[in-house]
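Two complexes follow with chain A in common, the first pairing it with chain B and the second with chain C.
Coming up: the complex of A and B.
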């Protein structure tokens, strides 16, 4: 077990070092997330320039999901382009370690982007970020884990298909929509004029159960799917 | 599979007979007090939903089996089951709004069970798209998708009970009185009796295709 975690840490560190040097994914993902917020801002703001009730939570999660898909597409594409995917798979480590390493690196990236996106949503849509900061952090963390857990698996298995750019969102969104729904509903409960933390806690519990199911399935599936 | 050739026409015949008799039984069943005649769609809506969910589980189990053992039969069963989820899911998604228009006054409501049923249906459409456009190796990739689709089934089932919703809860069916229960079970049996031969025929077709591919490859070598 410690061997798997150590190998996962090495793979995650490799990805993070590449990212820290190039800043390719972080800058593109962040810019795309901000562009998403801008596009949705025009759809969910009334004539007086005020956001519609509940819009901030929706915009936040759509920006996270869309920008996350962009980052997902690139994590394995980078391996493919530099032809290091085979080397990664031939490395004398357990397959789940490769999955966990890729997942951890992607999570760090997505959470870093979310820091800016959440602040921006709070600023532009007057969302009460301080209403329940721990609950909001829990929802964002568990929602991002659920989204990325499925996303890394699908991005990895699609890396060798010709139509991967189109197929990734086609496969990813139906599976992760429950996560996005739970995230939006939980965040709406926090952002409401009268915050309902019990409701937010229920959605958080649901997100955690989704995370457990998705990570278990992905860990089991990653090996057989990447075996060729 | 080959020894059971007689099973397909027999099941199909029984199913056809049951579907022919079903309207009479449904007509004879007592009318629901608040919804009236509109409620009768329930006799086709719920059995098709149960069949779709069953098919999703079949697809998930076959996919898991294929991932673990790589037996082509498991993959053929998974593909056939996925197509049938889309077919029976489409019946659910057509009959549901027809009922909702009369019962709730709108075609569609964005609530838990409707949304998650739609998601499950879309996931299996995505499964078929991956099979069609994924290129070589898509059988292994789609089995991962099939597995995730099957995991959604319990969420579909429990969604109405867990979340506050307008949809009738899952406790409605077990508490049906005999005059309504008999036509319901009749319709359910008719759907399941249709499901089995459809699955078998589709698996057989896929086996034929695989054998043909093998023959082409052998000819080229």
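Coming up: the complex of A and C.
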């Protein structure tokens, strides 16, 4: 177990060092998420600056899902360029370590982008970010983990497919619909004029259950999926 | 003896038995039987698409054969588990290097994945062997193909593998680097490694190969350990396979 975690940490650190230098994924993901929110702001905020009630939670999660899909598509593309994925698979580490490493690096990136996205949604849609900050953080963290856990597995599965850019969202969105719904409902419960924290906690518990199921399944299937 | 130590000691040959590999309806390899022994350099020759890279992929454990079995020492890959990969070094067509990392960072990353002791000394020695000490902190993306090839070779040998699989190792190397690579292969042979080289560069491997295996259309056409230049041996094998 220690060996798996050590290898996962090395892979995640390598990905983050590369990202810190290229800033390719961060800038692309952030730009897309901000553009997405701005478009929604034009559609759902009236001339008086009043947002459509209840829209903020949905827009937040749509921006997270869409920008996350972009990042997912690129995370294994990097490993394909010089076939470094084969080098990772040749190393004497258990295959789940590769999965955990890629997942951890992607989570750091997505959560960093979410800091900006959440602030922007709060600003443009009058969302009460301070109503239950810990609950909101929990929903965002567990929702992002659930989304990325499935996404990394699918991105790895599709890495040698020519139509991977098209197939990834087609496969990913139906499977992650429960995560997005739970995220939206939980966030709506917090953003409501009279916040319902019990309801938010119920959705958070559901998200944590999804995470446990998705990560377990992904760890189980990643090895066979990566075998040629 | 540690399990890894026992593995290394027992691993004195790689034996391919009736190996076939199909990609859908396309046959990449058909019933290849071949043995590579420790202290021997085996050349894999053949035209493009003959199955050389597939064979190297199978020996490296990355590609599963559709039929047949590969034995490392006395045991098949399935009995070795993940530990087997610690004894295999591969230099592929693509170089398995991260362009956004420096030469040193690439070696340190892969050395870390292999859990190598005294990593700093090994990385320094590898940079020295690749003659990249002064470029150690430069990103690989700015290296020429030849420099990357030299670094990739050291990456493949960093963990001192028992089985060394090299796919077109002379690509992009200047004359001096090619001579140094040939010397390196001889050192590996003397150290008792099993070395397999797939190449089209017959002149570069002249006098280096102990045996030559010629592949065409996925079939092993000849195994030759006789003398003569590699080009002559290859032509002879191909002629015989046509007749």
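Some notes on this structure:
Quick note on the criterion: the second predicted complex is superposed on the first by the 224 of 228 C-alpha atoms of A that agree within 3 Å, B and C clash if a C-alpha of one lies under 4 Å from a C-alpha of the other, contacts with A are read in each partner's own complex, and residues count from 1 in each chain.
Keep in mind that, in the parts below, contacts are C-beta pairs under 8 Å (C-beta built on N, C-alpha and C of every residue); 3 or more make two chains touch, one makes a residue touch a chain.
Every value quoted in this text rests on a predicted model; they were computed, and no experiment measured them.
In the superposed pair of complexes, A:137 makes contact with neither chain B nor chain C. In the superposition on chain A, A:177 makes contact with chain B only, while chain C stays out of contact range. In the superposed pair of complexes, A:18 makes contact with chain C only, with no contact to chain B.
In the superposed pair of complexes, A:94 makes contact with chain C only, with no contact to chain B. When the shared chain is aligned, chain B comes close enough to touch A:221, but chain C does not.
Contacts of A:27 after superposition: neither chain B nor chain C is touched. Applying the stated touch rule to the two superposed structures, the overlap between the chain B and chain C interfaces on chain A comprises residues 228. Considering their complex, residues 3, 6-7, 10-11, 14, 17-18, 21-22, 81-84, 86-94, 227-228 of chain A touch chain C. By the touch criterion given at the top, residues 67-68, 115-116, 119-120, 122-123, 126, 129-130, 133-135, 137-138, 140-141, 143-145, 147-148, 151-152, 155, 162 of chain B touch chain A in their complex. For chain A in complex with chain B, the residues that touch the partner chain are 150, 153-154, 157-158, 160-163, 166-167, 170-171, 174-175, 177-178, 181, 206, 213-214, 217, 221, 224-225, 228. Note for the complex: chain C touches chain A at residues 57, 60-64, 82-86, 88, 90, 92-101, 105, 109-110, 112-115, 139, 155.
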